[in-house]
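In the two complexes that follow, subunit A is the common piece, with subunit B as its partner first and subunit C second.
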Partner chain A sequence: MTGKMEITPQMFKPVERDALAAEEIACPSVGYWQDVWLRLKQNKLAMTGLVIIALLALLALVGPHLSAHSYDDQDLQMVNQPPGGGYWFGTDSLGRDLFTRVCYGARISLAIGLLTSVICMVIGVLYGGISGYLGGRVDEIMMRFVEVIYSIPFLLYVILLMVLLEPGLKSIFIALGIVYWQNMARVVRGQVLSLKEQEYIYAARLLGAGTWRILLRHLIPNTMGPIIVSMTLLVPEAIFTEAFLSFLGLGVSAPMASWGVLASDGIQGLRNYPWQLFFPALFISITMLAFNFVGDGLRDALDPRLRR
Partner chain B sequence: MAQYLLRRVTTIILALWLIITVTFLIMHSIPGGPFASEKKVPDVIKHNLEERYHLNDPLGKQYIDYLNHLVHLDLGPSFKYEYRTVNDIIKEGFPVSATLGSLAIAFSLVVGLLAGVISALRQNHWQDYLAMVLATLSFSVPSFILSGLLMYFFAYKLQLLPPAMWGTWQQAILPTLALAALPTAFIARLMRSSMLEVLQQDYIKTARAKGLSERVIVLRHGVRNAILPVVTYLGFLVTEVLLGSFVVESIFAIPGLGRWFVISILNRDYTVILGVTVFYSAFLMLMNFLVDLAYVAVDPRIKLVDRKDV
Partner chain C sequence: MKKILLALMVLMAFVLAGCGGDRAKDTADKSSTTQLIRYNVDAEPKTLDPAKSTGLPDGTIELQMLDGLTRYDANQEIKPAIAENWDISEDGLTYTFKLRDAKWSNGDPVTAQDFVYSWLRALAPETASEYAYQFFYIKGAEDYNSGKGKKEDVGLKALDDKTLQVVLNAPAPQFLGLTAFQTYFPVNRKVVEGNPNWFADPKTYVCDGPFKMVSWEHNQKIVMEKNPDYWDAKNVKLQKLEIYLIENLDTSFNMYNNGQLDLMNEINAQELPALQGNKELKILPDASVYFYRFNVTRKPFDDVRVRKALALAIDRKALVESVMKGGQKPAYAFVPFGFKDAGGKDFRENGGDYFQEDLTEAKKLLAEAGYPDGKGFPKATIMFNTQENHQKVAEAIQQMWKKNLGIDVTIQNVEWQVYLDRESKLDYDIARAGWSPDYLDPMSFIDMFVTGGGNNQTGWSNKEYDKLVNEAKSTGDQKIRMTSMHQAEKILMDEMPVTPLFFYTHPVMIKENLKNVIIPPFATYADFKWAYVE
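Up next is the complex of A and B:
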């Protein structure tokens, strides 16, 4: 008995338990988009792409004011000047300052890319959303229609449309919008199809929410991730297609000029005035790279399988 | 399988009909009609022209006539060249385009597959980086710009190759490269990722465990399985090459159908534009159909059933 120590309850003191402290979260809570942003920030290529896009946008905004020449000023004394002197990128066959025209072309090309992707987003989201949410017969017919359209080589029809429509920016938007919405519709439909079986949708329906409310407030916001990725990747594609149309003489009309128009003008004098091709080509390629990097980066950042 | 075939064939027929109807309608909604031009054409001549091309018939009759001609593979006359029909133009231009296109497709398959396999086997080595940097670059240059750059450096600067025209093998090199760049890059990326996935499969480990030589593992077990996604891409490949041919043939002055098409766009030669569009559409859809069939033949695991969730 002697070796045994008396243990009494008095020897113990309850630890003050701070109810609040236990509940405290060590890290600040991270929302979905913050999470995406954190992962995107890790991706060097994507961030480089974002910086380049920002610089291009800046150039499009202020670039034309940096130069002493307007984009449609012709100076027939200074035709086909090489870069240097008063003309940073040289001049074209009508003596117009190529730097100003490239900056101005940035406005038009970027606008074409961005607006086309917004137009396709709206059409595709509505079409795909309705098709996926209603399901059944409606879905079958709507998707069959997309399938039929999809099997048509659509760039050919853009060409036909452009031949038919008045050349200009508006026609380009119409033509590109008609081509590229189907992919978006498929993406959205796939997402909606899997999301609509989730509990929160049942809950919303139980609470008496109508079809439109569920579609617009619950389903579509939750498909934003893939939609944004598709939109980002659509921008370079639209710029590419516009350049292709410009080459066929179906681009924006003079004296306006997109990069595509500038490049296809540059092809004409390639042998003697190569800079007229090099500068617009450089800008198109950099833009393609930047948007593709950002799009790929976003896709990786949004993919839940890559979450750690 | 039979059900799938039926579905595909009906899709193609529906799409073809849609194309033909749309082209017909487009043709007839051209502001001012096909004979509108800057030069004022005397009314009598205009009337004679319309009589000659049956533009005075009621729209319904013209539509039936048009369909009837198409069924008999007659795409009509050119509006700009009096003695040529669209059929003549296709007969003359298509073989040239097909030659150039086949060269480009062969190039992109050989180089693309090779680059893809090598960069998968040497992942994160310089071979991989080099191939992927090249692929990314060719993704970001439109084909007409690439044609221009190739022509400038190889024909004008280095004077190694002829800048234009068609006939000798030297003249085929630059256009083939320009046309093949984008599909080659695509195939290389596709093959690389597919090969990387296949190399992680258990059956590759089994093959290694059996002590098979690396060559047999890569070729028979790896490539044969990894190549399947590339087969699905073949349809797009043909489309890509065909659209690219408009640009490349125009720049290198190759007398193919693509160049004719571009010229007729610039000339606003409506019957040629429409006829060639219908021809191209039918051709591409046929190609895609064949590719689908080939896919079943290549991969016995695929059972083509009614795909609900495409």
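Up next is the complex of A and C:
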């Protein structure tokens, strides 16, 4: 072959470089929580749930002021009035406005749901975190204790506690809080057990971080996902349990009304005044659904394996 | 927690079944008329020991199984039962009962000794019967009960196996009626001495009445069968009696609608308006009073002004018309209508009302007692036994006191047994109560509140009152008795250890094919001795 192909710099022409385009990244950089939010937003059910919860909270806040009646105002001339006119949801057997009572009940039921789940979270996270991180014999003893409590039928236990504590809002918080934290503790322990073998924990330990620091700064924040999911699912459960307790006469005391109390009162008039049961039951159902949707949505959104 | 859903679903199923089920059941019943009545007495009895029982459910169940010396008939007249006949001495002090040949369900004869034994047992201080005072008409009975006297000195004697002699302190026209009352029921000495807990087990519950107990499922039902050994068995047509012990009035109502009950003792007030015109609804007279007890051993109820203020601030008319809705009458005195006064007229009509609702007066009294506009009023609780109607009354009164006097009270429902227990231990502030007379005489109401009386349960004591009751009890002269009782009632209403709310009526639902069920206005809910199914 004669004449080698000469490659000269002249043969090359620099490509036009667009500085901006080079900087552009095909996929936006998103943090973990942003990603969760993005994925949650795409879940229609979960969003519906969130909106409903927001509306319920709004109703609980302003609802009682919308009506001319107070939640404990009795008008014995106006008992068992059907919905309409001055009483949007009708009145109960003592002439109290059901709309105001349902709104007021929302306050109590939502408060019970949220507070109980917060109490459970605090107890459960600490207990589970300590148990999982320390491991060994401590873990063994702490978990056996949880299992012992777990083996007692929970309703029996709540009822006994309620009898002991005298019915009232405070005792409901305590009773439900005492009963429901174990699940949370187990979830957190499981997470911590697997996380504590990770390299970054070793690193933290090598750098001399103490147990509490590792627990609070590294382990617990990284278990947040499952914790939040259990919390959301616990809210409706607590509301339902309270409704059930009120149904048995162990709930908040009159004239205060939670949805459970209202349903329990309403069922007496089921045959003749069905709206007295319908409205509280409707709100209980809506709330349960909303929280369950959000909980399910969060579970999917928080699962790193489902991350794109 | 899916249980509540399940419960709701089951309930819906019940309601739906209620719509269609009736007809099928009815025809089934007609084709084979079994002589069975199913009845709900609304509570688990506290005890079925006649010496110790006090509640109406207890007394009603006992009445089906035990026969006293006498028994009330359908017209509320006293008729011979175990006693075939009796003599009353001319001074009205000595009663001699001649017993018939009656048998216990275990075959033993019912003897005069059984009666002596049973009554002394109820009186014995160690039995601590709350109803012991019902025997205090008998000579020496009060002393024995209070530990001051001896058993042998009680004016009770079995002259022979079939003759019982009773000596009273003073003539007492109401004594004969008492011998039909639960505390006066006989028990079988041999059985009781052999097994102190005989009354708790159907196997050992020996009866001398129309029915005997077959089974007892606690909080569920008591099943009874006709007692073939009963002396009057030929007049007992019913073969089987099922007494349900279900507190929940809705459950009870559903059961009635589904044909699982034939007779319903109590109806949820919420159902009454819709039942107007229903042939099965009967609103029967009831000589009972619904009232609230104040615990006068606790502050602030030790102050009569507080008690009165609370009493005057209750709108009884609204309670009766809007809450109870069963034709009850507002009560402004303690003794209900339906008792004969000395002149033959009604005791209540003669006595009239002793107070009136008056808000300004109530506020004034409360201010005088140191709680102007309810300020500084201590925490207080209304206690009642779990039942929808009581709950509503309590909630209504809670609100009336709040609105009218500025007082906040809490309300608390407790189970029947707990309620009885706490009431007798004076472990309450304000307690709901009802009183049905044990016999047809105002004395059944008046003698409750003597100092230390077993059914006083308020801690209240008044010498003048005790004196008047004693006066009434120590004579057979109706005029003096009634005057003393009117005066005593006035003291009771002035001092107000209890505040009457309304006089009962007794709305019941009864299937039209039930005949001859006696639903008396007092002492017990029902007597099935002569009842049958058509």
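Basically, the second predicted complex is superposed on the first by the 282 of 308 C-alpha atoms of A that agree within 3 Å, B and C clash if a C-alpha of one lies under 4 Å from a C-alpha of the other, contacts with A are read in each partner's own complex, and residues count from 1 in each chain.
The definition used in the following text is that a residue touches a chain if its C-beta (ideal position, glycine included) is under 8 Å from a C-beta of that chain, and two chains touch if they have at least 3 such contacts.
The structure presented is a predicted model; accordingly, all values stated were derived computationally and were not measured.
> Quick check on the superposition: with subunit A as the shared anchor, is it clash or fit for subunit B versus subunit C?
Once both complexes are aligned on subunit A, subunit B and subunit C clash.
> Once the shared chain is lined up, is A:255 touching subunit B (first), subunit C (second), both, or neither of them?
Only subunit C; A:255 stays clear of subunit B.
> Could you let me know whether more residues of subunit A are touched by subunit B or by subunit C?
Result: the larger residue contact count on subunit A belongs to B.
> Does subunit B (first) or subunit C (second) touch A:83, or do both, or does neither?
After superposing on A, A:83 lies clear of both subunit B and subunit C.
> In the superposed arrangement, which partner chain does A:240 touch: subunit B (first), subunit C (second), both, or neither?
Both partners, subunit B and subunit C.
> Look at A:148 in the shared chain and tell me whether it touches subunit B only, subunit C only, both, or neither; answer first, second, both or neither.
first
> Which of the two partners, first being subunit B and second being subunit C, lies in contact with A:159: first, second, both, or neither?
Touch status of A:159: first partner only.
> Which partner chains sit in contact with A:271 here, subunit B, subunit C, both or neither? Use first/second/both/neither.
both
> Using the touch definition from the top, say if A:226 reaches subunit B (first), subunit C (second), both or neither.
neither
> Once the structures are superposed on A, label A:190 by its partner contacts, choosing first (subunit B), second (subunit C), both or neither.
In the superposition, A:190 touches subunit B alone.
> Can you tell me which of the listed subunit B stretches (94-102, 112-120 or 148-156) runs into subunit C once everything is aligned on A?
148-156
> From the superposed pair, tell me which subunit A residues show up as contacts to subunit B and also as contacts to subunit C.
240, 243-244, 247, 249, 267, 270-271, 281
> Mind listing the subunit C positions that touch subunit A in their complex?
Residues 1, 3-4, 7-8, 11, 15, 249-250, 268-271, 273-274, 315, 318-319, 321-323, 386, 388, 391-392, 394-396, 398-399, 402, 410-413 of subunit C touch subunit A in their complex.
> Can you tell me which positions in subunit A touch subunit C when the two form their complex?
The touching residues are 72-74, 76-77, 79-80, 93-95, 166-167, 237, 240-241, 243-244, 247, 249, 253-255, 267-273, 281.
> Would you mind writing out the residues of subunit B in touch with subunit A in their complex?
11-12, 14-15, 18-19, 22-23, 26, 29-30, 136-137, 139-145, 147-149, 151-152, 156, 239, 242-243, 246-247, 250-251, 262, 265-266, 268, 270, 273-274, 277, 280-281, 284-285, 288, 309-310
> Residue numbers of subunit A touching subunit B in their complex, please.
For subunit A paired with subunit B, touching residues are 143, 147-149, 151-153, 155-157, 159-161, 163-164, 186, 190, 193, 236, 240, 243-244, 247-250, 260, 263-264, 266-267, 270-271, 274, 277, 281, 284-286, 288-289, 292.
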